[in-house]
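Quick heads-up: structures coming right below.
Here come two complexes built around subunit A, the first alongside subunit B, the second alongside subunit C.
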Partner chain A sequence: MSQNLAAESQHVDVHPQRSRLRCMWGLVRKETYQMLRDPSSVGIGIALPLLLLFLFTYAISLDVRNIKLGVVCEDNSPIVNRLLASFQNNKYFMVHVARDRREVQDDLVGGRLNGVLVIPADFASRIERRSLSPLQLLVRGSDVSTAALVQNYVRGVLRHWLIQEGLNAGQRNSGEIVRIESRVWFNQEIESRAALLPGSIAVIMTLIGTLLTALVVAREWERGTMEALLATPITRMDIVLSKFVPYFILGMLAMGLVAAVSTLGLGVPLRGSLWVLIMVSATFLCSALGLGLLISSVTRNQFVASQVALIVGYLPALILSGLVFEIDSMPRLIQYLTCVMPPRYFVSALRTLFLAGNVWQVILPNTVVLLGFAAFFLTVTIQKTKMNLE
Partner chain B sequence: MASQVLISLSEVRKQFSADARPALECVTANIYGERITGLVGPDGAGKTTLIRLIAGLLDPTRGRIKVAGYDTARQVSTVHTIVSYMPQRFGLYEDLTVMENLHLYADLRGVVGKHRHETFERLLAFTGLGHFTGRLAGKLSGGMKQKLGLACALIHRPVVLLLDEPSAGVDPVSRRELWKMVNELVDEGTAVIWSTAYMDEAQRCDEVLLLNEGKLLYQGKPGDLTGQVEGQTFLIEATEDSRRQLLSKALEQPDIIDGVIQGRKVRLILKTPTTVFPALGTNVQARPTPPRFEDAFMVLLGGIPKTRISNITSHIFQKLREDSTGTRNIVVEAQDLTKCFGSFTAVDQVSFTVCRGEIFGLLGPNGAGKSTTFKMMCGLLRPTSGKAEVAGVDLTMAPAKARERLGYMAQRFSLYSDLSVHQNLEFFGGVYGLMGRRLQKTIHRMIEEFELAPFINSNAGDLPLGFKQRLAMACAIMHEPQVLFLDEPTSGVDPITRREFWIRINAMVNQGMTIMVTTHFLDEAEYCDRIAMVYQGRIIATGTPDDLKRSIPSENLPEPTLEDAFIEMIQRHERYESEGEGLRRDG
Partner chain C sequence: MLNRIVRLIIKEFLAVWRDPHNRFVLLVPPLVQLLIFSFAATHEVKNVQLGIYSEDHGSAARELISRFASARRTFSHVQYFQDLDDVHRAIDTQDVIAVVHIGPTFSRDLLSGTPVALQILLDGRKAYAAQVISGYMSQITDRFVGEYVAVSIDPSKPPRDAASIKLVSRAWFNSNLDSVWSTIPGLVGILTNLIALIVTSLSIAREKELGTFEQLLVSPLRPLEILIGKTTPAMVLGLGEGMAMVAIATLVFALPCAGSPLLLFGALFVSLFSTIGIGLLISSLAKTQQQAFFGAFAFLVPAILLSGFVTPVENMPAWLRWVTYLDPIYYIILIAKGILLEGMRMPTVLQLAWPMVPIGVVTLTTAGWTFRQRLE
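Then we have the complex of A and B:
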């Protein structure tokens, strides 16, 4: 028995003969299996994009259709009926007819109607007399944007009706010479869908890139598997890249899905070229993945990681990216804040690509900024990834 | 046999934060190849920290560790190529299959081509996992997970194999198989470090490092340490007193430093070796018994401080409520209790009865269904079928009424860690309907009885573990229940606190309290009057510890342990099951 009190253990020869590539491949494969077997990644990768598309298309449309308008006809003459009919035949209105304003007052207050148009009893006779015939429109000021829309739409219908009736002919301003005709570029119908759908790619990629990946490293710490991995001869690069690759592919697939459904199924144009779209998306995805992995390595706890990912990833993508709320109409301070939010640049590039085309003055600077973010997050992640349990 | 030093630890110290007690203090030791070195100590002794330090996952605050000549702090990547490490919970990917787990570690260790194929074949034969290669690791039983973890660690031939509590909560049969497998490895020259909180496992190691509170108490052969207390250990038995009364009497003696209940007898350790046992009364018979490793450990720790025992009075309860059901002696009763989670039957037709003043134990590995049974008995889970009664109240009919009559101390104590000790007591007292002066009086009595006064305003989360346990117990008995349910009450507690805990339990039982307890410590089951062995959701045997031990054939095992009995019962159960299956098939 060797009582080796010199306390020096004997050397054993070590022959390192592992190939880096095989090590990495093993990890990527493992990560892919895990991803495919985890219902939440399939959910976030496929079901959620489809859900978001559905929401942006039908539910959160910023256009108002089916305005519920109460029309109070205190008079029953033919001319009033014709006016009523022009509202009833309009696809933007759902008309509820009443004889007395008290019948609809409660519905307006209770929000069951968006507006009430009152046609007073003397309306027809005043028209006959060609004197000023006032109509009253009541709207709910509590729903600011809807109220404004209702006003505009009702005015539009009225103008149309006046022309139809030829009532403007005898008016003083019948000889109107100049007519202002506004025209909207890129989104001719100013349909909010066309602007929202490309932007939703940013939200989905943030979810996959940041939320999903924020969970994966933290999960390994929580389940104790990280400890077992760290005791094997792997490097920092192995860990970060093996997490990166499968989720990158998933993110790009989800992007393809959203782009395909939007353009082929929902009629959003893609005026720029496909490869530019892929390039810009890949750049953004790198920054989102980098942020997710960074959160995960620092928190090491799935619950905290998901909370942080929601706050610094998802919410900015939704609120501060210009997707739903316009950046130009935000307070100055918040506008500065959006400058450090990668989704902002991505949303801007996406909208240009889909609705305008390969406008390099817009796309190039945005892409460069995104590249910067990606490089920054990934560098910090690799640095922050600890190779021990300290 | 000249085995070589493979790991050398010199003055290793590890401190996680400046104001905390160091996790390890000045540990100097050599660990040799071709041996199993047991890293023995209670939870919190520093075992895991030491293993992580050797694996290069932590850097020592001071001192130096060399593995096969390589410094773990500076040559960590080389250390990783020669060391294999199986962490607690085995470090498996539960959402990968057995084969996928093996492939991953083979890729990481660079085991390729024909060599990989041979290795897999060897390991699958070695672990007996050949039939389960396509099963998800998460769906394996505890014993199979442990074997897969070992297989993953053995993908390459490590110079040093580190196993962190590989047998914790695993059934005794798997535990025995694991020992056999590891012994084979040692014969091939590997140095194995096996950490454990089970003292009985220490005796099987070639060498042990005994740790307590971060300090190395002993290094050497386990037999040498037990040899030091030769002549100090006795088994005593009394004709008149119950074993519990006998134990509390014995512990009051100044020259007896430790005592535990062992079946019908009481095992005592004396301060000095002697051939004649000191008189404990006329009806006490004593005979010397060979010492065990735990006895030696208790002697090293100095036994239970006498002051801690003398303070445990035997009138915690003002009045243990007189049984409302009159003379009936059965306090807890389960009849064909079954609980299914989906297609999985966690508890399968379990029946037992517990009488007043009895300690009844459910003994079994993790996942056997102990906690599920408990939760049904406390009205926390609704049984799929069967009946549960506590103090004459049917839990399925009136769970709230039944809960008034029982106290429940959950695993990990479930205290409010950000409330103070006093606030916790106030809260739990209030929950059980104590109010006003009665509440204040009860709180006062609990504080006195459990000696919580010095911590009265500290948050429960900041208490030392032993005090947390006391507080949890105080909270559970404030309403003076008839039955106390204890779910793994001593896991993670050092042996002295564990002794103290059982002395308290004994005192309560002497006052007529009924106790139900779950444990996976086989030696702890000796405190119970009767135990039920739980295996795969069923009770495979019930009886007193002595009866169960006696039920196994004695020709080859003169002094069987409860573990031997458990293994015998599992084998009988499985034989019976397969016969039953055969019969069913024939019919």
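Then we have the complex of A and C:
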């Protein structure tokens, strides 16, 4: 291959334009062979996206179930048993019954229980006397989101139980006075899993993009072949582009695969148009691959490049992209920080594109920002690709 | 023999430490990420934009609107709409995340005792936030009915034969339900193991590429000694940074550290042992650094998703929960929460820590075995 390249570069002066293209083509071919010959990069392009899609589908779920609730019944009267039964019959709870709070309250440590409801000994008699009957609920505060849910769900069961028992004496439940009709737009008929998937696709593609290119240029520097390439008349831009093109194609294939499986197999609608999806994905991929190439050219060392990629490639995309943690709810300073995270814009664009449609007010600004990132990363990469003659 | 191992350990340390880029990457970003992510990874929903579209100017409608608008912590901005097209546009373009729609006869019907409907439109693209906000809105409405409507419809006291329950709720270990407190222990567990994985997963693959691994194998060093040499720097770095994060957690964020710090040190040691095993196994199976890098990612991504850090393990389907039992990060998060917040004691820590030991032993043994395979 290298002989071939050397032969091609000899023709440079004769037909500058044609030979430039031929050089590029040679480099692209070399990079493609290298990519295809390593089974792991094909795995990254096909197997890993599917595995990640599968994981994100099942591992990230906001639908609460199996709340582990300890119920301490200090007495055994029928009224208490009926209250207990209404917890046991509720599909959200897994109930552990105890007679004494000391039996269960230590289970809050380590999360064997998410909450403990104490029904005191005088509860039944107080209910019969119609006096205010206190119940105590202990929740495991070390898991804040579950703790808040436990409080709400327990309150809901209690309210329902009072009505069921006819203890509210004809008082109407507030739900009967004002009935709330919730309409969740873009997402009424589908489950929350499908609503989360477009965002997940964005994060998956961030990972794939960074993974594909983070080591590519560093490898050449490490082996000294980059110096050799730079010594030829090929421009720096051509070198970077030749690294870019094969992985771009592989990345787009991965994106197509993930999008096809989500829409055809997992019930995610695609309400926007396909060509907009292709355009937005291509733009994003340019920025993700660009970031990988940038890491690679700055470090010039596979060991360090991979460390940087492992640190900046995954957790920030997962936490700061708005996929599960709402950006509006973060402190102002961190909201500004999310502005320099390309996945953030892709998450927003894909959600709108899949669930809402071609809403240009959302898609266009996001795409423009992504384009800016791509241009920035690639320009800096080209700048950094120069010989160090010390 | 001891001398040999010490020299190897020093060499491995230098391999990680000599490059200033490398030093920086291992020391600074994990600590910075602890600070940033602890504030960012909150499931709380606040500072969102609410829209109100009211076709009614009656007093009940005004009261309800003012109750929504005064929940400033959740709804930092309120936009008022005059017609339905504007509402649609505002949701489409994500100007507002939810809109309350009050119909023209709301106040009249309410005061005459006719059941009324209150329509709430939510942006389903932000599935989780929409769910939380919808719960919050029904709380506001409930309180409105209880405090305003009930009194206006029937000013007399509630009927005498009504029973009422007062739910006294207390949050243990974190009485203010501060989300930073519940996030930090998870981050300590994740970032510590991330460092160990980063240091180990490429170390053997790099030597293979450079050809120095063959030299190591023909030296008098035995596979076990090579393993000790490769494990020590990652362990020291991981423990050092892990304990630095624990110090930040207790000194800066004032986590109580209700259990014994020594126990946490021990638990971090065991979890690092298992991740280092996984890292070295990846590295010894990979032929190139590129493959090792892919392998590290292929482990790291599921390990964090399944650890319960992002969404609770209980929400996952049962068959997937079994996979989490193979995830060292799942255990260390529970232990870190236990010791930093809950005052977890030795027996529980042991119960949660032991599964990490076989993970480490199996992976390290397999890694050592592959060394021997290479020699034949």
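One rule holds for everything that comes next: the second predicted complex is superposed on the first by the 275 of 390 C-alpha atoms of A that agree within 3 Å, B and C clash if a C-alpha of one lies under 4 Å from a C-alpha of the other, contacts with A are read in each partner's own complex, and residues count from 1 in each chain.
We take it that contacts are C-beta pairs under 8 Å (C-beta built on N, C-alpha and C of every residue); 3 or more make two chains touch, one makes a residue touch a chain.
Note that the coordinates shown come from a computational prediction; the quantities given were computed from them, not determined experimentally.
Subunit A is touched at more residues by one of its partners, and among subunit B and subunit C that partner is C. Of the two partner chains, subunit C is the only one touched by A:P331; subunit B is not. Touch criterion met: A:L48 reaches subunit C, while subunit B stays clear of it.
In the superposition on chain A, contact is made by A:K30 with subunit B only, not with subunit C. Shared-chain residue A:D38: touches subunit B and subunit C both.
According to the touch criterion, the shared surface of subunit A, contacted by subunit B in one complex and subunit C in the other, consists of residues 38.
Interface of subunit A with subunit B (complex): residues 1-2, 4, 7-12, 14, 16-19, 22-23, 25-27, 29-30, 33-34, 37-38, 223-225, 227-234, 387-390. Note for the complex: subunit C touches subunit A at residues 19, 21-22, 25-26, 29-30, 33, 36-37, 39-49, 91-94, 97, 110, 115-131, 134-135, 137-138, 141-142, 144-146, 149, 158-175, 177-179, 181-182, 185, 190, 194, 197-198, 201-202, 206, 209, 286, 288-298, 300-302, 304-306, 310-312, 314-317, 320, 334-335, 337-338, 341-345, 348, 351-352.
If you check the complex, the residues on subunit B that touch subunit A are 1-10, 28, 30, 32, 52, 55-59, 66-70, 76-78, 80-96, 100, 103-110, 112, 152, 159, 162.
Every residue of subunit A that touches subunit C in the complex is listed here, in rising order: 38, 40-41, 43-44, 48, 51-52, 55-56, 58-68, 108-111, 114, 127, 130, 132-148, 151-152, 154-155, 158, 162, 167-171, 174, 176-188, 192, 195-196, 198, 207, 211, 214-215, 219, 299, 301-304, 306-316, 318-320, 324-326, 328-331, 334, 337-338, 348, 351-352, 355-356, 359, 361-362.
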